[in-house]
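Presented sequentially are two complexes of chain A, the first with chain B as partner and the second with chain C.
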Partner chain A sequence: MKTISKSVPKRDHAEKISGSAVYVCDYPTEGMLFGRLLRSSVPKANLLGVKLPALPEGYIYIDKNDVPGTNEVWMILKDTPVFADKTVEHIGDPIGMLVGPDEREVDRLLAKVEVEYEELEPTFDARQSSVVFFDYGYEKGDVDKAFEDADKVYEEDFETGLQEHLYLETNGVIAHSKDGKIHVHGSIQCPYYVHKALVHALGMPREDVSVAQDVMGGGFGGKEDYPSLLACQAAVAAYKTGKSVRVVFGREEDVEATSKRHPSFCNYKVAVKDGHVTGMKIEVLYDAGAYTTMSPVVLQRGIIGAPGIYTIPHLKVHGQSRKTNTVPNGAFRGFGGPQTFFAIEMMMTHIAKDLGQDPVDFKLRHVAKQGDLTSTSGKHHFPVPIPAMMDAVVKASDYYTKRAAYKNQTGRYRKGIGMAAVYHGAGFTGNGERDIIKAVAQLRKDREGNVEILTANTDMGQGLFTVFAKIVAEALSLPLERIIITYPDTARVPDSGPTVASRSVMAVGELLRRAALRLKDEWVDGQEQLIEERYKHPEWMIQFDLETFQGDAYPTYSWTVNAVEVEIDTYTGNIGIVGAWGSFDVGTPIDENIVIGQMEGGFVQSLGYGMMEKMTAEKGRIRNNKFSDYIIPSSVDFSNLQVMLHVEDYPEGPFGAKGAGELPHVGGAPAVLDAIENALGVNLNKIPFVAEDVMNTLREVSR
Partner chain B sequence: MVTSFTPRSLDEAIRLRQKPELTPYTGGTDLMVNPNEDASYLFLHRVPEMKRIVEDGEYIRFGAACTYTEVIKHPLTPNILKEACLKIAAPAIRNAGSIGGNIANGSPKADSALIFMVADAKLRLCSAGGERLVPIKDFYLGRKKLDLRPDELLVEVLMPRHGLDNYYHVKVGARNALAISRVSFAGIMDIEDGKIRRCATAFGAVSDVIIRLDQIDQMLDGKTISEAKELKSAYLSAMDEAIVPIRGRVGIEYRKDVCMNLLRDFLEVNGI
Partner chain C sequence: MTQEIRFNLNGSDTVYTGNPADRLLDVLRNELRLTGTKCGCKEGECGACSVIIDGKLINSCLVAMGSLEGAKVLTIEGCTKTPQFAALDKAYESVSAVQCGFCIPGMIMASQCLLANNPHPSEAEIREGISGNLCRCTGYNAIVKAVGTAAEEGNGLW
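For the complex of A and B:
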């Protein structure tokens, strides 16, 4: 283990454990106004009118007419309105906002608002939708010939469901209007995303708008795109009233109105010759919901990963994301990867079973090797450590013995063991870092020799401030206490890019390391110094073409192998997790405890995605909107995880680090489904797979 | 105007119960999920008779304001009730939530009420006009409908002292803690000298009220195990016909399958 990996106390530990941390909902509210959103109660309609009750003095209603700039939230595209214009597109679509000094009174008044709709025919099923938001595809080799030459062709369909982030802290912001300037702070994952949206919606100069992050209670991607919308709404109210406006959601509103993971429908056709996969034709469909938000990049990652970790010589991959009249689906840990990796892992397992081979052996025979072409005909520039990691997980879990022993069970309790191997491409897809983000990071040294880190990256509890400080301290050979890092404010930090895509440590951490080395060289005692570093694209990367999807989609990959053992109660359908093992390669861990915590947390979230977290919507209305009925794992459900770290250093990352945050949320679901298949002796194609599905499957098998 | 009260005696509590605007409050774990800021409460945690667990000749008497934790820790508590209470929510909620609230909430998913049902417990309801002892099965009239007059207070739960040792209990939740029952089942097979003295079953979370089909269960009363075996298929088909789940978070078919699977297992573990 490298010195830097040795764990230190997290920077946010004491304030969070002691309860002294100030979250957005903890600010004193004297003199503040409270905002509550008027939301559509129907999934699709022409908006005919809004009838307000008599508003007491100090209470005001704002809508699209009050947006001073453009009534658009600039995310990737600009189709999300700040407030609904002529139509509403999903239940919960914001129409306007009631603002006033007493939050309960605002609620009472809001209940009296009447909205007149002309209802239109909504679409809830992406497969039926005629509105295609995004359409991408790519090819490799000669896929038609591969199918012509095949001994056998397999075809299967796969489905994945919605997933809710369920961060402990709900979305919330406070917008201040003072001296013609707007300042917004709150539970914000990407301050500069919000800044860009505010400047556009308010029509104000960049320098008159600032955005700061407060202490945050989790994000998981759920505060990547959504706060841009919420901040615009609160800022419009602050602009109009000239006062501070606070909007903090309750749990039910947060679950009903904010983004989720895209549901997916995939079709895989696979050509096999001489027991080896030679070609695949893959169709991917993601349900985007009502607006595009993050859908293009989510879909890009989904289709690039659709053939999994395998070298498939002949490929044709096509993907769409389509509109439905449901809550827009956006960023969520894994970002389009968990859906297609679920599909490919199950597909490979099913083929192996049909060929009479063990799925682990079958997969190992297809795993990419260093130097191989990737799905998009880029190159695996670095070693692919899957075989060694697979070996470690097989040994730790006793996979082969159990897999054989768990065949053909008939008793009440049936065990199963399953395995999945996946990657997560580290950083932005393609040339995003170079062409769009163009990250800038700074170090500022004061006269006393303390060094402050200036980046826009946020700590949501994942540990970023701690690891940034460690990187800079190590490179400068300074004690950790001399490194200062605080919650970012766009007024005083450069745009180092968003805290997403498992990029922060790898991309921004490396800028900080280089800045620190320069500062060390140029260090002058007793003087203030400012060092700035800008992103440099690795020169060895094969240029990615977003039109053809050819080239290096990612500079490098983080890898993981997961095994899960279940015990199923066939009387109740209950799926118990007996054991779970994971080997994770995120390059050099910058802090071992933080990385292990991330791996455990993501692994649990992925298992929840596979066999527990079921979100049901009826006619566009989400039914389970509380902690008591949207079921996520508790600490006593999957308590026996075993996390192992495998280290393949990435030379372009700080001290060899690559992406970490999302990787563990990719492989758990296919691993646990494989285990359920092993226990029940069936093939499965859909997640989430919960107790009720177990009973349905047993009923079908017995018929 | 919010005015709440904390009576120190049962008399005072019953007197205050005459005020219809007061909501009886023991642990608050249900009431505080969506708190009504305009509500006035009758806090019952200082009424001695409602906070004690004692026994008399026939019954163990549980004060309705006793928390799950107090019930779990008390030496008089039968194991079947301990086990069910330990599966409720998580420690913090068990420290506050009460059995009286669990019963009077009227939910068919109430985990302690399931046990009181299968034990044929009685409820002591007190009002200024006097008191009455109601079998818990008769207390539940329908979906969220209780045989509880507006001026009545649930003061005690009287659970039979004997015949509860040979029990079977399963709670099916969507996770291992902090889970509302999706299906729950409790069975008691009190066997003496090779004969079934009392067979009792209760099914929770599958219908508007906890299902307690005592007339069908009585088919097995007084029978030997081998006699019960002969009656098994008639018993099971009577149950199969009588258990009619409704749709909830899980479907009708799922609930029915689980009920029948657990019922069959309950008989099998008792050699039937």
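For the complex of A and C:
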């Protein structure tokens, strides 16, 4: 283990464990107005009018007419309105905001607001939707010939459901208006995303708007795009009233109104010749919800990963995201990857079974090797450590023995073991880092020789501040105590890009390492110094073309192999987890505890996604809007979960580190479904797969 | 309807003058500005608002002030002053068990309550003891390990 990997106390430990950390909900509220959103109660309608009750003094209603700039939330596109204009597009679509000094009175008044709608025919099923938001595709080799030459062709459909982030802290912001300037702070994953949206909606100069992150109770992508909308709404209210406006959601509102993971529908056609997969035709459909938000990039990642970790010589991959009149789906850890990786892993498993081969052996025969072409005809520039990792997980889980032993069970309790192997491409897709993000990071040294890290990246609990401080301290050969890092405010940090895409350590951490090395070279005692580094694209990357999806989609990949063992009670349908094993390669761990914590937490979320977390909607209204009916893993659900680290150094990452945060949320779901298949002796194509699905499956099998 | 409710909060005798139907969670956070107790759901499901009342782990979002007459209430702010907290603090830190931190004050109350009732719990007992406190970040392994370490290292404290 490298010295830097040795764990240190987390920087945010003391204030969080003692309860003294100030989250957005913890600020004193004296003098503030409380804001509550008026939301559409229908999924699609022309908005005819809003009838307000008599508002007492100090209570003010804000809507589209109060937006001083443009009534658009600039995310990637600008189709999300700050407040609904002529139409509402989903239940919960914000129409206006009521603000006032007493929160309960705001609630009471809000309940008396009447909205007149002319209801229109909504669309809830993406497969039936005629509104295509995004349409991408790519090809490799000669797929038609592969199918002509095939001696066997397989075809299957796969579905994945909604997943809710369910961070423990709900979304919340406070907007301040003072001296013609707007300042917003809150539970914000990407301060500069919010800044861009505010400047556009408010029509104010960049320098008059600032955005800061507060201590944050989890994000997982759920506070990547959504805070841009919420901050615009609160800021418009602050702008109009000249007061500070606080909007902190209750749990039900957070679940009903904020983004989730895109449901997906995939169709795979696979050509096999001489027991080997030679070609695939893949159709991917993601349900975007009512507005585009993050859908284009989520879909891009989804289709790029659709053939999985395998080298398939002939490919035709096509994907769409379509509009439905449901809550917009956005960023969620894995970002489009978990859907298609679920599909490809099940597909490969099913083909292996049909060919009479063990799925692990079959997959190993198809795994990409260093130097192979990727799905988009880029290159695997670095070693692909899957065989060694698979070996470690096979041994830890005793996979082969159990897999054989669990065939053809008939008793009440049936065990099964399954395996999945996946990657996560680290950083922005294609040339995003170079052409869109253009990260800038700074180090500021004071006269006493303390060094402050200045980036826009946020610590949501994943440990980024600790890791950044370690990188800088190590490169400068300074004790950690001399490194300063605080929650970012756009007024004083450069735009080092958003804290997303498993990019922060790999891309921004490397900028900090380089800045630290320069500072070390140029160090002058007793002087203030400022060092700035800008992103440099690796020269060896094969230029990615977003029109044709050809080239290196990612500079490098993080890899994982997951095994899961289940015991199913065929009387109740209960799926018990006997054990879960994962080997994870995220390059050099900058802090071993932190990386293991990320892997364990993500793995558990992924298992929840596969066999526990079911979110349903009825006519566009989410039914599971509480902890009591949207079930996430508790401490007793996955008690035997073991994480191992495999280290493949990445030469362009700081001390060999690559992307970490999202990887563990990709492989757990297909691994647990494979285990359920092994236990029940069936093939499955849909997640989440919960107790009632077990009962339904058993009923079908017995017919 | 305003009433005077007398109870002990973090070792100090306290009088709450207000509606006995008010939630303890709201009173702690809004009136007394003890914001270490977090609100995650307001329906008694997530455990972020856990406090210890007369030795029992309770979700403060489900407690009406009127039920507290004569009770002893311990919140994270009172807990941090104890040697038991010091042991838990050290153990949690050693395995980096705190991620976003929003569940953690409640998790500490659950850990304290568990160890007070069972100073040498097995891993299964630890998992059961904190099962009413949801954490979305860690997957629980680090927290379970921390509670086990605190029990070992703080031997005799509970």
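Following the convention adopted for this analysis, the second predicted complex is superposed on the first by the 703 of 703 C-alpha atoms of A that agree within 3 Å, B and C clash if a C-alpha of one lies under 4 Å from a C-alpha of the other, contacts with A are read in each partner's own complex, and residues count from 1 in each chain.
The rule we apply is simple: a residue touches a chain if its C-beta (ideal position, glycine included) is under 8 Å from a C-beta of that chain, and two chains touch if they have at least 3 such contacts.
Fair warning: this is a prediction, and the values are worked out from it, not measured in the lab.
Colleague: Based on the superposed arrangement, let me know which partner A:Y239 touches: chain B (first), chain C (second), both, or neither?
Modeller: In the superposed model, A:Y239 contacts neither chain B nor chain C.
Colleague: With the two structures laid over each other on chain A, which partner does A:Y650 touch: chain B (first), chain C (second), both, or neither?
Modeller: neither
Colleague: Once the shared chain is lined up, is A:G461 touching chain B (first), chain C (second), both, or neither of them?
Modeller: Second partner only, chain C.
Colleague: When both complexes are superposed, which of chain B and chain C contacts more residues belonging to chain A?
Modeller: C
Colleague: So, A:Y571: does it touch chain B (first), chain C (second), both, or neither?
Modeller: After superposing on A, A:Y571 lies in contact with chain B but is clear of chain C.
Colleague: One more residue to check, A:P9. First (chain B), second (chain C), both or neither?
Modeller: Touch partner of A:P9: chain C, not chain B.
Colleague: Going by the contact rule set out at the top, does A:V636 touch chain B (first), chain C (second), both, or neither?
Modeller: both
Colleague: Per the contact definition in the header, classify A:Y310: touching chain B only (first), chain C only (second), both, or neither.
Modeller: A:Y310: touches no partner chain.
Colleague: Touching A:S628, do we find chain B (first), chain C (second), both, or neither?
Modeller: A:S628 sits against chain B and chain C alike.
Colleague: In the superposed arrangement, what residues of chain A touch both chain B and chain C?
Modeller: 627-628, 632-636.
Colleague: Would you mind writing out the residues of chain A in touch with chain C in their complex?
Modeller: Where chain A meets chain C, its residues are 7, 9-10, 12-23, 25-26, 28-29, 165-170, 215-218, 220, 250-251, 460-463, 591, 593-594, 596-597, 600-605, 626-628, 632-636, 638-639, 641, 643.
Colleague: Using the touch rule from the top, collect the residues of chain C that touch chain A in their complex.
Modeller: Chain C residues touching chain A: 29-30, 33-43, 45-46, 48, 75-77, 80, 88-89, 92-93, 95-105, 108, 123-124, 126-128, 130-144.
Colleague: Hey, which residues of chain A end up touching chain B in the complex?
Modeller: 104, 412, 570-574, 612, 624, 627-629, 631-637, 690-692, 695-696, 699
Colleague: Write out the stretch or stretches of chain B touching chain A in their complex.
Modeller: Against chain A, the touching part of chain B is residues 37, 90, 170, 172, 174-180, 182-183, 249-251, 253-254, 257-258, 261-262, 265.
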